[in-house]
Every structure is written in C-alpha cells, then in structure tokens.
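The same subunit A turns up in both complexes below, where it pairs with subunit B and then with subunit C.
On to the complex of A and B.
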C-alpha cells in the first residue's frame, strides 16, 4: 500500500478508535505477519486494538467504508493460517476484550468476552467447582474468540467434545455494524427462526467479529487417573486404541506419540526414559472417586493385554505430570527442531490409523522430510508434523506434495481435512476433495450471506474468497 | 494454487456400521428397533431415543434433546452426518462420519432441526456409545423442595457426568425425579450407593429398578429450551395445563405432553405466550409440531434469501 493511502487509512482508523490503539509502523506490524505456523508471512497494513467491545462495534460500523480486508485475531496461535492478512488490510487484535462478565453455577453457564484467555477462564471457574472442557494445548495463550472461530478441540475432547458442543450463544458484529446475539445463556435460537450461531462457530473470522460468548459448563471431575504405556509397533498400539474407545470407562483422553516423537523427546532435555522405537499412549480417565477408582485396573489391563510391558499409572498430581511430560513437551520441541513446520489435522476412521500413518512415513521418508506424529488417537485426529526449512528452495513444495497425497488418502478412507485447527489458507486448496457440487454450493452460500464481498478474512477457508474493494 | 479440481459428484454416505469408531449410517426413517438391531450385536447403543415406534427423523423433528442428553449432549452432538435431499430432489452430503470436523461451515447443525424448510434427511450417521450391559432407573419421591434439592445434589457434583438422565417429571400435581444409570453390572452398586446417599441427604425416598429398558417418553407436543436453573420451575408452571411435563434438568429443556384435544394449536400457543419475552432474552426457544415456525425477522429474511437461493438452485 502506498504511503498517502496508508496515512489516510491510519487517519481513518484513529477516528474509529479514539480510545484504542492503532499500529502502523513496520516494527509494530512485524509481530502480526504470521500465526502459529510461522513460515507464511503476510504483513497487514495496520493493526487496531479496540479498547473494549463498544469500540470494536464502532470500528466494525466504519469498516466497510475503509475498503480494505478486516482480519480478526486473538492470540495468533492458529496452525492453519487463519488470523493473517493474506490480502493485506487491517488486523483487529482482541487482546483488550478480556472481561469474564458472569459465572452462573446454578445455570451451568458463563459469559465471557472474546479476548479472554482460555486458561484465565479455567482459573476463574475452578473456585466455583465447574469447568469449561475444550482444552487446546495452546490454552496458556489462546483466546476464546480464536477457540470459537476455529471450533478448537484438545486432548480431552474424546469424551467431552469440542468447542461447538459448549457454545450456547455468540454476540457477533456484522460488517454493517449491526450487533446480533445468536443464542445466549439458554443455548437456543433466541428470537430468530433459525439457529444462526451454528454457522458462526468454526467460521474462522470469515463471517463476523465475535465480541461475547455464553459457554456451557460442567462440574469439575473429582478424581483423575493418568496412564502411560508404550508399544513395540503400530499394530499393538492400534489394538489398545480400539479397545479403549469402546471401553465402559469412557476415557477422557487417548493421546499418542509415535517413535519419531519419542526419539525427539528422548534426545532432548525433556527425556523421560521412553524405550527407543516405541509408540507411546497416554490415557486419562476421570470422574467421582469411587467410580473412577473401580475402573483403574480394567484400563491398565486393556493397555497390558494389547502388548505393553510398561504400563504406568497414577492419581497423584506430581506423577501424573511426569506421565504427561513427553506428550506436553513434544509441541514445544517441534518448534525448536526445525525453522519451519506444517502440522496437518486430518480426522480418519480409527480402523485406518496404521495404514494412514504408514503413508505419512513412506511419503516423508521418500522426500527426505522429517515427520513426527503427536495426536488425539481417540478421535482419530492425526497431527503429522512435517519439519522443514522454508528458506531451502523446494522444501515447502515437498511438504505440500506429501500433504496432497495424505489428504487424498484421508478422504479415500472416509476422513476429513481438519478436526480442530480449521482450514485457514493452509488447507483451503484441499477443499474440492471434500465437497461435491451441491455441498460446495451450500458452503459458499454462507459467506455470501454474511460477508458477500469477502471483506472479512479473505482467501481463507475457500481460496476463491477474494475481496474486491 | 488450487491443487484439486472441483468434484463432479457428491460423496454420499452409504449405510455402514463401523464398530471401531462406534458410528452407524442408516436411513432417516429407521426406528429405534432398527438402531438396536444393528448396534446391539456390537455392544453399542444410541442413547438418545425417545420413542419405540417413531422414526429417527420424527424424533429429531420433534425435539433437540432427549433425556440422555444430560450425559451425551443434544442430537446435534450425536449425529455426525446426513445425506440430505434438497428441494430440487438432489442429494447432498452434509457433515462427516468421523467424530470431529472443522472442515467448512456447519450446515449439519443448521439443518438438523430445520424441519422440512430446506429439504429433508435421507440418511443419518449416528455416533453410538458403548453398551455396558446394565441400565437402572432411580425414582425419587418427596415434596417439591426436597426434589429440587435432590436434583441440585445430582447435578452439582462430579457424578453429574455419569447420570444418563436426570429428569424432573410432573404428572398432574405429582412430581418425581427420575435418574437413569447405565454401566457395567459390577459397578451398579457404586451408582446405587450414590443414589441412596442423595436420597438420604435430601429427605427423598428412592426406588431403584434394575435391568429395565431406558424410559421412552414419546414425542413431546411442545419443547421449551431455557437455562438449567429455570427448567424445573417452568415445568411446574406448565404442568397445570398439560398431561405430563418432563424437565431434562441439565439440558434446561422442558418436554410438554398435552392432553388430547382438537384445539392443540391454540392451547400450545397460549401455554408458550407468557414466556416468549423471557426466552428471547435468555437466548432460549420453543418448538412444537402444533405451532408454525417463528416468522423470520427482516434481517433474517434477507439472510434467508441468499441461503435459499443456494438451497433451491438446480
């Protein structure tokens, strides 16, 4: 964008946000070029930080006249290229909208602003004996706005379900500045004929700016047992997973780290003595003490019966943290191991686990790309992480080639592209694999309804969503 | 870079049962018996059934929740995909067969309870749950205060996740609390002990029936969705004009069963009327096969025009 135009944009933005902040210097914008993926950089023309929800509403009212794309951003931890200005424009950073407005334990709901951090909400709920179950591992930083917009999942979603299972209501501001409440504490349609919040959840910032949410809560489980077991091969690991998902203890989490992930952890300072070449399963059950204690042996027995020789389990916090260590450390280590990484997020029927993992290994090895798998095995939600260096010519292309083959296979076995990270601009190229002519028409009708010019987050979800001023 | 060309055909679901994932695809016109017949052989169950004889489609058209939504959530969290016949007669695939997805906009939840305004379901993909082999129903009797306190005890503890259902049932002037448990037979005494503890601490009388089928209340005439803390009060207020009210306590849903009569539309309308403003404020709603759908607002009409164009296109 040329300088006089940029000056004019800055001037207009300052008028729209008298109390908030407007950032335009190169140094300020640098931090907003990428998301959690890191390797794709799209600098915005400006970043605005509204002081509160009212100011965000004011901004949205004037946004259409700005004639540039508007991209909502929470903590920017997306792993699919969601909160980046792929077509330039203004990023709206929601960091100041941090109020937890109400916690209603009798009604099992809370009302929060979109910039509230997930772990901050957890901490606020805990003294009330309730919790909000979706738990993406980015919890220490990610915001509820990002969680709702990308329908986040997490390790405990096998039993508890994902964000969409817990959103009772969404306050959304459209590009004409109109403010709408879809649902509310009661979680129904409100005064509308249709349940519009269904389109809002998981819409990745392409329909509206969300300011507030009403979220469903559950009583905190009294007791948690964590299990860790390792297996010599995928066949025995798969047998354990298949037995666990059908078990009457309804595990809350069934997580897996593959031998390449185990090697990564064991060669780091986070080593915890996992056998070389092993597949690691991490399982958690929770519930009332009497009930959950009665289930411990049967879960351990499943893990042993499938072929593990080293099943460990505990209900003590310190030991449980140790059992989780390898799983939790793996995310951070991935970032340290290579300059760039792409994480896929496909979900597959669990009977195809071994087959699809083998494809990941074969393709990655053939291309000489390092692949590490750390994922939500209970849900069949794979996270193959492809480690590469985006500065080396041809590396990204290799990863894209592998991803393409992987996604085709995922669809062939009956799976889907993304289970919790969303599509962003990282996976939009694969969307034609999923939707046939009629379902594609329905899909495109949603942004056409709320954001027909694609001013909100263009080039995301579907890559033909261009904003034309 | 668009690496894949547009697909020429819909990837429709073909009926299947995947016993590993616990998913079952079957026609929308299947009944509870059809679901049982397929699921039971694999020690799986679909807990959200309301009526033995009515089709799944009729049950889902009647309400968003069933008693077991207490533990497993509403229908929309337990139906993963659909083959959906559009008004043009063409069939589109909606949703997935896997248990989670963030691929595209959520038409599944939008269409699931939309009646026949945008077409109709042809097949559903259901998420099944392990059949643990033992079902029991606890009935708590007592006065209103004791029963309310009983529900509060049942819901405000870590046990809440493990009750298949906690319902406040009112018939005429009499009410009772109904709890459904489902577990492996060896753990039944642990559940029973907790129910006895709740009865003792709330002054209610507990009768426990073991090895009984889950309660099938039938299709409600009116469904009101409010907050969990309002459901019992609402249910008691509505009960005077109804044959039976069942408050699904954690879901905040009241299922109202009306007395047979030929002016059900008027009576249902009159029953809901005093609550509409509060329900709008709370983001709740109501639904009845005796009432027309709420007319769209002006804003909503504009949105619907665009959506309907896509839906009706040939």
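On to the complex of A and C.
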C-alpha cells in the first residue's frame, strides 16, 4: 500500500511534527473517514496530531509546501461533513490543544485553546460563578474550535444567541505561516480596520487554522426552572411557541420533540414518562431568583392556555438534567432506530412551522422514509432527521430527494440554510438554492482571499471550491 | 467465528455521534480517534465489510482498549460495545493477532483449577499475613492461610443462625486465593445483617479473566457456574467484586438475580458502625467501572457508605477508570500508570487523617495501592474494600431488630 508520493508525504509530516503523531497506515486513516454523519466516508492521506499549539504553528509554516489539502478537525462531531478530507490530504486533529489558559472573572472572559471540550470549559468555569452560553447538544465531546468554525448554537441560544455573540477574539494561522489575532480579550476589531473575526467565525476551516480564542462569559443564573408540556397536535404546540416567544418572561430555551421523537426517547434508556403520541415542548427560564420564581406560574399558564393538560415544571437539578439529557442525546438515540440518518438544519419564520413540518411528514411518508423532528422551536431552527439504511440501494437517494424538496419549501416561506450545523459538504448542494450567482461569487471571494489555492478544507461550503496544487 | 461471520447489524447502531470519545481513557491519553470506541468500531466494521485489510494497527488499537465500558454508559445508541469488543479480542487471540503476556496465559490456566490456584498462592497469603508482601499491587491484609471462606461461612452460619434472605456467594479466584480477608469480612457483614450465606461448592471462576485476556475457556466456566448456582433456591447470588459480579451476571441472568453485595445490603439497610466523634478519617469512594458501566448500577448506595460510620465523599472522577481494567495494568502497564496518575493525583492533597481510598473491586484496589507503591501518591493512605469498612470483626451478634420477621 505504500507509494513514493505517500512515503514522501509521511517523511515531510514527520519533519514538521517531531513531537506529535503522524498517522498514515490504512487502519489509522479509517478512524478519520467520517464526522457525525457516519455513513459518509472520505479517507485522508494522512492524519497529524500536533503535540501542542507551538507544533501546530510549526506545521502551518510548512503546510503549503505539502501540496495537499489541509483539514482541521476537533472532536469530529459535525453533522454536515465539515472536518472530513473530501479531497484527500492531511487532517489536523487538535485533540492535544486543550489548555484553558486563563479565566478572567473581572473582565468576564476566558482564553482557551481550540481543542478544549465545551463541557470541560463549563466545568472549569462553574466554580467561578460564570458560564459560556452556547450549548450544542454535542457538548460532552465537541471542541471550541469546531464550535467557532461552525458558529454553533444550541438550545439556549434562543435567548443567549449563538457562538458569534461570545467570541471576543480569534488567533488564526494562515497557510503562509502568518499568525493573526482578530479581536482579543477586549473584543472588537483588534488591530484591523474592520471586525474581521466575523469572517473567521463560521468559516468551517476554509480560511485558516484556529489556535486559540478569547470568549465572553456571563454570570451564572441564580435560578433555573425547566418546564415540559405535551400537546395533542402541532397546531396547539405552535400556539404555545408563539405565545412563549411573545411573552416578557423571555425563555432561555424553547425546544420541541414531535411524537416520533417522544416515542424514540420513551423506548430508550432516557425515558422520562412522556405520553405516547404527544408533541413535547421543553422550556427553560433563568435569572435572578426572585424574578424567575415570580414568572413560573405565568409560563405554566401560557403552556396550559395553548392546550396542554400536562404541564410539569421543576427547579431540581436531577429532574431537569434528565429531560435535557433525553433532548440532547436524541441524535445518538436515532441509532437505536436506524443504521443511518441525515439531519437537516434549516431556519424558517415561525409562522410557517406547522406547514413545513407537514411537508416533512408527507414527503417522508410518500417515500417510505421515517422522519423524526427534534429541534429549536423558539428559533424556528428545524432539524428533521431522515432515517435510512445506507446499505440499501436507493434509500440515500430518496432522502436526498426529500431534503431538496424541503429546502425549496424553506426558501419559499422565507427561510434559509443552516442554523448552526454549518454547510460542510453535506449541505453545499443547497447553497445555489439559497444564494444567487452574485452572492455566491462574493462569498467565494472570502476564502479566495485568505487561502487563494483553496488548500484549506476544499470542497466544503461551495461545491466548486477545489484545491488545485 | 470470524469478524466476517458476525451479524451485519452488530455495528449498525453506531451513528458516529462521538459521545464515547469524551469518556474513553485511551482517547484522552492519546488524542487519537482510532484509539476510541468510535474509532475501533469503525476499524472492526470496515474490516468485517472487506474494505480494510487486516492491519497491525487494528490489532494495536484493539489491544489498547481498557474494556472499562464507560463508552456504553455514554452511548445514546446503545451499541453493545463490551460484547463486540470481547468477541473481537477473543478472535484476535485465536488467530494469533494478539498474544496475552505469559503470566496472564499461565494465570488463565490456573484459575480454572481453584484447588491448585489456592495452593500455589499459599506462600503469598502467608507473606501478606505477616506483612512482608512487597509487590506494588499487594495491598496489606491478613488473609487466613488455610481455612477457606466456605468453611468459615459454614462455621458462622452455625454459630449465628441468621433467618433473613438467602444468598449464594461467589468467592472468586484471586479474591479467595490472595485477598481472602475480604471474603471473610463479606461473610461477617452479611450474617450480621441476618443474611443466610451459602457458598456452593462446585462454583468456578466467573470467566472475567478469560474475557479480559481473550483466552479460550469462558463457555466451560459459564456452564460450570450455571450448574453450581442455577438450581439453588436463593434470593440472589452476590459477589464482592464488581468485575466478577458483572461476568457472573452475564452467565446467570435473567434466570437468577446477581447482585453486588453492597447494592444488596443497600436494599436491606445495613447495620451501622459507630466511630468516635472526633474521628478524622476521610473515605474517598471510587466506583469500579464494571459496577457502574458493566452492571449499570447507579453507584454504591449512600446508606451503605453512611453505615461505615466514616465521613465519606466520592473521589474526583469517580466513574472514570483507574487503569486496572481487569488485567490491563499487567498487559499495558504504561498506559495504566498514566491513567492512574491522573485519577490519583487528588490524594496528595486530600483532607483527612487517615485517608482511606474505598472501592468494591479487588483489582481496582491493587491498582490504587500501586499509586503509593510507585510514587504517584507520596502521602500515606490505605486502600480498603467498602465491605471491610462495614466489618463488625470476629465478635458480633445479629441485632435483635434484624431478627424479627
């Protein structure tokens, strides 16, 4: 299996990473073929695991001369084919860069390396009475590098906002070896005339390698109440969502599971006693204790008034965690139902929720594909999961067909592509549906500026972003 | 049976979500995804599907797995990782892709012959008894050299005549041959709590040793235990080692309930020990992987820990592996030591005088003892089985309240 080209690549990589690891055997590459979309496989030519930030910087100095694509990867939990080697090349796994370098409780910021795990950061912040709000469901494992690269969201972003609201600064290394700081602990533009860190956030590894971030923190809320309410149909559920969004209690999170999602939770180890056939809303309010306590009854009343006869709420951590665990593990729970799944990530105006969900059910039923909806209802951020078996010929094609019809409807109702998962290579085919030719040209000009040969993460975001050596 | 003969759905639950990465000791150690459950499953399934030829790196990453099963707890898709791993490891041994160390191969033969095994370890028991055991894994204790746990239990049953629930007790191989004092304490605690203890004669090794090493002979041992425990009229089969209990559970359940002895006592509400008011002892409780991730117990019941009479708290990262992993600390000593270094660091600063590290698996106890013996922990501490902290000692009687029906 050796070839002179590959031997030479291995040789060069070992010279660039004297302390880190260089993986080139077939069985070492196999583990890096996929991200959270397990059924899609793209084998890299090599994987490197830099020992620390200095070694990553050294690697980037010599990476352009390698003449192969360079793909950054954190924990590989992306759901859109972001950190995979779609055009081959070298995957740079940042698993060793996990230092939390500073927690500044006076300035409410922290400085972290790109490989720090999201929940590890939470755990480190908690004793200081501060937190970092974005909370994608992959929190137990995902890294901040991946969060920044995909501008991750999460359940609590309904009130708190997504990653870009909390990134004060990004340190990035270009393929010419130059190191740049966009912003810093004080946020803002840093030494740039405009706020260029916004280019970095959500760039999905197409511009540069990130080494560290300065992140904005908030004081931990004094009190949290979690509500769950079940509804007989989508109409009443939607009424509850609209009423919650409009109410001054301003929930931190408004999440929804459809009856198929409820059934999935209830037949698993995460079961929490949800009635069969119901739509479930999971709602949370937080803030100063007296204020939040005073709002509990009014939120419960909104949930009841919309048509729920089954409203429960609690401020007990164990109970709250159980509900959230069931919600956040739902991606993995799908594995108990089906060998493969694709999750879509569209944002729509909330008034169109029922209409678009009905389309999902109709199209999926017509194609004999199972669909499960578990999503951020408050934001109108849909995540229909289409279940299929990638080993059965034709199933993936059916899912792709439904997905395309869905995206068209999303655009027709005034929605857009990708709330938080990024585009990767799984959603790039939908880009021309959303953006016209001029807009595509201008957006493509950004990576072309930072990374002219498209050597960083080619074939991502834009289908035609090839690296040409 | 080869990988190719495995049912194709074996791997199919894995959606590649990656939740297992964060809890995997070897992924945390190396940062290499191949060295994680998700990575290993990918290597095995690619090989089974014929897309990846046999590769020495697949063998390497397979051998690296501690088998702690933390990934099973973390996995939302309920991938039966332990079952798959056990199957693959056995297959790697059979096809000479992996060779367990000589000492382990010899031990695997020995545990199948308990009489010989007990005899062979007599000198070791004697050395422990007189406090001369110097090996890094041998924590201090005073095991009976000759009298067996079965004989001891019979004696105590006769003397105290408990009237409560009936349990059959798995005395284990290494536990009986080397750490017999823990078995004796277990018998005393059970009987003090009015539990009738039966030790079936024909019992054999639970099979965990074979499962950990991938060596042949598991099925014969399982059959032996089915015959020894199956016909007994008991309320539960109990074990004082979470690893052995987990392995025996796989053999006997669902027909017979197999319980960890501490969980069983928790349901009864055990007799409480009294300690001095100014006792400065602090117990740090570590939860064995095969208790919480294998047997899927929530932990060691709080009423049991309270009944020790000591101030206790969970050790930091109590549900993470200590690196013992059955025989992992012998097969992969360097990894095991690094895992332990991280786990045990807190002991250097831990409050309490004396400090006790309490757990419920003798193999974990050996690993924890080695932290002091090899200099990872520089302050004095003791390693004890929680059952030993409940031990009434030789002179005890069953409280009259327990004897009432």
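Simple rule for what comes next: the second predicted complex is superposed on the first by the 458 of 469 C-alpha atoms of A that agree within 3 Å, B and C clash if a C-alpha of one lies under 4 Å from a C-alpha of the other, contacts with A are read in each partner's own complex, and residues count from 1 in each chain.
As a working rule, a contact is a pair of C-beta atoms (placed from the backbone, for glycine too) under 8 Å apart; a residue touches a chain by one contact, two chains touch by 3 or more.
All values derive from a computational prediction rather than experimental measurement.
In the three-chain model built by superposing on subunit A, subunit B and subunit C fit together without any clash.
Seen from the CA centre of subunit A, subunit B and subunit C lie at an angle of 130° in the overlaid model, rounded to the nearest 10. When the two structures are aligned on the shared chain, A:64 is found in touch with neither subunit B nor subunit C. Applying the stated contact rule after C-alpha superposition, one finds that A:269 touches subunit C and leaves subunit B untouched. Of the two partners subunit B and subunit C, it is B that touches the larger number of subunit A residues.
Contacts of A:335 after superposition: subunit C is touched, whereas subunit B is not reached. When the two structures are aligned on the shared chain, A:463 is found in touch with subunit B, with no touch to subunit C. By the touch criterion defined above, A:99 lies against neither subunit B nor subunit C after alignment on the C-alpha atoms of chain A.
Contacts of A:128 after superposition: neither subunit B nor subunit C is touched. Contacts of A:49 after superposition: subunit C is touched, whereas subunit B is not reached. Between subunit B and subunit C in the chain A overlay, the least Cα distance found is 20 Å. Every residue of subunit B that touches subunit A in the complex is listed here, in rising order: 1-11, 18-23, 43-44, 73, 76-77, 86, 90-94, 96-107, 109-110, 113-114, 130, 132, 155-162, 183-184, 186-187, 190-191, 193-194, 225-230, 250, 252, 279-285, 293-297, 299-300, 303-304, 306-307, 309-311, 313. For subunit C in complex with subunit A, the touching residues are 8-9, 12-19, 21-23, 27, 30-34, 36, 38-40, 42-43, 46, 52-53, 55-58, 61, 74-79.
Residue ranges on subunit A touching subunit C, taken from their complex, read 21, 23, 25-28, 30-38, 49, 75-77, 93, 95-96, 115, 117, 119, 138, 140-142, 268-270, 329-336, 339-341, 389, 391.
Interface of subunit A with subunit B (complex): residues 104-109, 129, 150-151, 153, 157, 161-162, 164-165, 168-169, 178, 180-196, 198-199, 201-203, 214, 218-223, 242, 245-248, 250, 286-288, 290-291, 294-295, 345, 347-351, 379-381, 400, 404, 408, 411, 414-423, 429-450, 452, 461, 463-464.
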